[in-house]
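We call the chains A, B, C and D, going by the order they appear; numbering starts again at 1 in every chain.
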Amino acid sequence: MTSQIPALIIVVPLLVSLVVSLAAWIRQSLCYAAALCAMLVAWISAILVMGRVINQGVITYRMAGWAPPWGISWHIDHFNAIILILIATVALINLIATRSTAAREFEDRPGVFYALYLLFVTGLMGIVITGDIFNLYVLLEIASLSGYALLGMGSGRAAVSSLSYLFIGTIGASLYLFGAGYLYIATGSLNMADIAAILPTIEQTGVIQVSFILCLIGLFMKMAFFPLHTWLPNAYTHAPNSSASLIAPLTTKVMIYVMIRIVLFVYQPEFAFAEMDIDRVIVWLAVIAILAGSMLAWKQERLKRMLAYIIVAEVGYMVGGFWLGNTAGMTGAVLHILNDAMMTLCLFLAAGAVISRVQTDAFGALQGVFTKMPFSMIAFVAGALSIIGVPPTCGFFSKWYLISGGMEAGHYAFVAALIISSLVNVLLFFRVIEIGYFEPFDSHHHKNGQTVREAPLDMLVPLLVTAGLLIVMGFYANTLVTWIVKPAISAATMGGL
Amino acid sequence: MIAVVSAKPLIAVLVSLAVIPVLISARKPNVRETWTFAAALIKFGIIASMVPAILAGHTLEFTIAPLFAGIAFKLKVDAFGLLFALVASFLWIVTSAYSIGYMRGLDEHSQTRYFCFFAAALSATIGVAFSANLLTLYIFYEMLSLSTYPLVTHHQDREARSSGRKYLFYIMGGSIGLVLPAMIAIYLIAGNLDFAAGGILAGSIGALPAAALLLMLVFGFSKAGIMPVHAWLPAAMVAPTPVSALLHAVAVVKVGVFSVFRIITDIFGPGMLLNFGFDTLLCIIAAVTILGSSLIALSQDNLKRRLAFSTIGQLSYIILGAALLTQSGMAGGMLHIAMHAFGKITLFFCAGAIMVAAGIKNISEMKGLGLQMPVTMGAFFVGALSVIGLPPCGGFISKWYLAIGTIEAEQFLMLAVLLASSLLNAAYFLPIVYRAFFCNPDETMFEHRIKEAPGWCLAPPVATAAISVILFFYPQPFFNLSQLAVSRILGG
Amino acid sequence: MEELAAVFVARYNYWGVIILMGIGLYAMIAKTNMVKKIIGMNIFQTAIILFYISTAAKYGASIPIIAHGHGAQGHGIRAADYMNPLPHVLMLTAIVVSVATLGVALALAVRVYWNYDSLEEDEILNQIKAGQLNRK
Amino acid sequence: MKSIALTSVALLCAVLIYSTMGFPAWGDSDSPASTHVSDYYIENAVNDTAVPNLVTAVLADYRGYDTLFETTVVLIAGLACFFLLRRFKPRQPQHRLYRHIDTGITLIIEQGGKEPTDSEEFVRIDSRWVPYDLVIQQASCLVIPFLQLFALYVIAHGHHSPGGGFQGGVIFGATIILMAIANDLRSAARRVSERLGALMASAGVLIYAGIGALCILLGGSFLDYSALSKLFAFTPVMARSHGILGVEIGVAVAVSAVMIWIYYNLASAGRHEEGL
């Protein structure tokens, strides 16, 4: 039976989401408990799977029992095992932390919210776990469609932002599908490992190149790589808090995972780096993305919006780091996927906590929040320091690898962009901190006599746990790298690039 | 030399962090302050207990966690680090006492936050002193920067805000913008970042990149206050005086100097610097700062600002000592860390006591103050003598060795700089004393008699002044440590 | 000329698909009405569906249902006699996905209409700008 | 803007068209797409699953995992439309409208007036323009049963002819939608209520996923229907065939219910009254 543990990661959230959407019509109160149980089971099984991967190597799970090129199979190695844990952790923490927020934001439909929540998580985990390029598309759409719905439920501009996200997301996914079609025409297969085995043997006619570019552009759209990022800030700013803090940390990161997976494990480094010869161009684009993201963040006057632009810059970190093409850069990119997800979660949860008490995230209204909500703000500062890259928070360690990757590759513009963006992040966050810390709490600012006080415990504890994880992940960065990231990368690159 | 694995350094670092939860939960000020005291005493006790082992030629090591391939988060106690840690932890005890008097005397707000971050800053300082490699040092350095930010901006007013900005701009800008890339580059070149006698870069790098890295590091560790990255220090004087006293005369600035010292001796190494002729370059940088800051200090009326500029100059003495790369020069530099610390903290304590008792900040208002507050101004006089470098104070000893160092290194220009600077030091300190004791106060100034500051504020400066004098006659503890450290650096 | 014709005959359906895709993409970029954009999106997705279906074709092959399947139990089946079933399967999925996307897009469009009483992008943008001015 | 869009799209099309030169010729039965994986399906599907319709076999068995999520996508669309649009608080209209079924006369009853709720001859409508056309209503009444029968046939006969759960489900859903169009939303909702639709939608996917999970419990992989042979007296191959049928039924239930559910929410903008 233990061989079925990987299946639990997907099957349990899926089944429970269906049960939840049934229960939504019978007893709404059951929904949260069921969702919580499902996430716990998924989280535990993700950790068990990680253990098995470390002990026994790659796990291949044959769906419906069919052998790979004919049936769909899962391919679980170090890389996706750790991303699975990441997704489960973020979703679990966020589920607990946003319980009261969700109850307020979706007062008459929490059941359907939790169903969509679980389906979104299922979709992301399915994307990560699968070894089939078409199945990846289907799950991509699962995650995207539930994401559009979750994001579009906010008030005001949410629907319009979500709709434009839907347009760009659909173009992105369709371009990916188109690229997969080219691959299918050239190889006749949809299984990643099978394609990887066939590709080097076939004659190059430009079809592969075009498929590569199509997939890449599609994924760039999905991951909000500058200048294809335009959907992201609006979508995340106007979204309900309980869904923003789930979707913001995960979507872009999972898309970067897909990019790395496709490039390393389908097209393979020899083709992607040596033959295509676009790596330097992409790193330059990443440099622009980092700088532009940071500068645009500076212009914002709302917390969530600023965070959204920081995500744009962070995407540049990871894409650039990966396309540096050396071990240090890739290590940095992979590590930063993990770290950035946790940092973003921490910051969005902290922003959510503040919004739940202050009612807005405009900078002007944050006066005195340090005195009123000290613990939430400690967590916020921890997240901020991690984004800035101050040791011993985890952000420092991935930045270290990224910078050393840039130096090894001789790409000093990328190094400079990272440093500049770190410095800009200092300015960005201390601007917020200054407002919260120096300006006295002004009760005139807060209408209807709202008493601003510390966030409730069920919100605060997960937030502080996340903040603590940032530091723990910092101390265990080396363990992560030697046990998980290094094997993941060397599996694809056969030990060297 | 035997490397002993011991958890003592770790405990020494963690003691002050461990006390923070107690501080937060303690409702009564008395309990809180008792715990601060206890932590300070324990910390000093642990650090002092390491002295015999170090003097016996051992080093204490403790690896906390591996961070990157070839670099661990690792503590290592050697003579130089211990010297610095001794000074910092001893002065924390004194400052704790002083803090109580000062904070109560002025009835400051948010005292819990103040004591917590103070404790955290001390942890970071000791961490820097005991770092075994550049990365560990960097981690503690950043921790120190961030834990002092709330202390610098304690008053939470407009002035504190702009000072805080300046502070962050220089400190974080330097550490992220310059130190971090330089450190990574060194790691890529040398394969590790361990502090090793003779340096780790020798032979693997050309002159030009080496110069670039050296400058990035020297200016990047902007806590050392080398001109032109010194501007944060005068700005940081808006902090409560105990903060200025311990952190901006001892812990923070000395951490900067200590880092630069380590870079010079243990990353680049004397041999390499001599080869490329960088010693002169560093000497010139230090000399410019020494003279420049002394000249600026002359024109400052605010006492704390004048002290700040004086500090900037004195810090560069230490860097000068390191840059001389000779036996006596280095020993003088190390000794100066201790001697200057005791002298300067006395001066700051006195400035604070004057603030508490008379509410005076500016020198021009201090006419005749010596008659009203004889003890305070007496201590001030002793401190000033020590900083100027006159006997019978400890400062004389360190300057003496520095001077010998310049002769050994045949840098006679630097000798002249030292002498000129001493004159300037005298020129900006002695008038204060003169004015306090020998000028008659203006009619309106002291309408009612000013009493001495309360005992908590008075005892610490007297104690540190006394120690300054004692150190002149009995410098052995620090002297032996510095000799040991220098012999390791130059003998290695 | 004959060569050209051969190239045309061998690929014209792909070209048609690509042009159809261009039309859809153009509508999504250039049209300002949300519903027109949604229609463009559907054209775009349909083009990709047709693209896949094209790959399933084989000259001289029949639909992918094995004739007399039960009796023969698969003996003597020649792969060349039947169309490739895989693209059909994939596109069944893609069709469903595009229908679902259409549904969500329309639902969002309805919400947009509640908020702004309009589906024209420019008008919505104007209202957003005006709203921001009002708030300031 | 338009010219930029046009040029960039034209450029993209040109590049893509150029890239098709590397494709194998259309209809070439030796192309990689038609040989590598697909040959296996054509040659072995009947032996493996006893389903002559290869598309069904691949859809529900070899790539059944895809299809499970395909069904889930449909459910998500239903959930999303509900989530985004449904407004539970009904409008409080000034007056209520009732139509006398036989004559087609509309009664306007002001607030406080007596409402003919207990009479069989009146039906409540939501707006005055709700169409009332005897020909359409009667014609749809005639057609709908046959359409539904056909839908069931398509579902059931998916093993042997084009068809299956999706196609049948959509046809079935369309019949209810036809009813809603021909009469009005209220009369359709009296037959298939929103609650029923929503429950069916989730239940349909649950049937599919449940069969898959059952296979795990019986010792197979997820969706490995051959494991069902342990439960019933089938050979593994026939178990696959019957498993596919079960799955197709689940798909049909889900798809038809979601179609109806989406229509209710979209057509009434979430109020479940006539008119957007």
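The rule is short, and it goes like this: a residue touches a chain if its C-beta (ideal position, glycine included) is under 8 Å from a C-beta of that chain, and two chains touch if they have at least 3 such contacts.
Treat the numbers as computed from the prediction; the structure is a model and nothing was measured.
Of all chains, the one whose mean C-alpha position sits at the greatest distance from that of subunit C is B.
By number of C-beta pairs in contact, C-D leads when A-C and C-D are compared. In terms of their C-alpha centroids, the spacing between subunit B and subunit C amounts to 70 Å.
Rounded to a whole number, the gap between the C-alpha centres of subunit A and subunit C is 28 angstrom.
Distance between subunit C and subunit D, defined via averaged C-alpha coordinates, is recorded as 18 Å.
Computed from the mean C-alpha positions, the centre of subunit A lies at a distance of 44 Å from the centre of subunit B.
Within subunit C, the positions touching two or more other chains are listed as 21, 25, 55, 86-87, 90, 93, 97, 100-101, 104, 107-108, 111, 114. For subunit D, the set of residues that touch two or more other chains comprises 16, 21, 23, 31, 33-35, 37-38, 41, 63, 66, 70, 73, 76-77, 80, 84. Each of the following residues of subunit A touches two or more other chains: 134, 138, 141, 145, 148-149, 152, 159, 184-185, 190. The touch graph of these protein chains has some other shape, matching none of line, ring, star or complete. Those residues of subunit C that touch subunit D in the complex are listed here as 7, 9-15, 18-19, 21-22, 25-26, 29-30, 54-61, 63-67, 69-70, 72-74, 77, 79-80, 82, 84-90, 92-93, 96-97, 99-101, 103-104, 106-108, 110-111, 114. Those residues of subunit C that touch subunit A in the complex are listed here as 21, 25, 28, 34, 37, 41, 44-45, 48, 51-52, 55, 86-87, 90, 93-94, 97, 100-101, 104-105, 107-109, 111-112, 114-116, 124, 128. By the touch criterion stated above, subunit B contacts subunit A in their complex at residues 65-69, 73, 135, 138-139, 142-143, 146, 150, 153, 156-158, 160-161, 164-165, 168, 172-173, 176-177, 180-181, 184-185, 187-188.
Residue ranges on subunit A touching subunit C, taken from their complex, read 134, 137-138, 141, 145, 148-149, 152, 156-157, 159-160, 162-163, 166-167, 170-171, 174, 177-178, 181, 184-185, 190.
Across the complex, subunit D meets subunit A through its residues 15-16, 18-19, 21-24, 31-38, 40-41, 61-66, 68-70, 72-73, 75-77, 79-80, 82-84, 86, 88, 195, 198-199, 201-203, 205-206, 209-210, 212-213, 216, 219-226.
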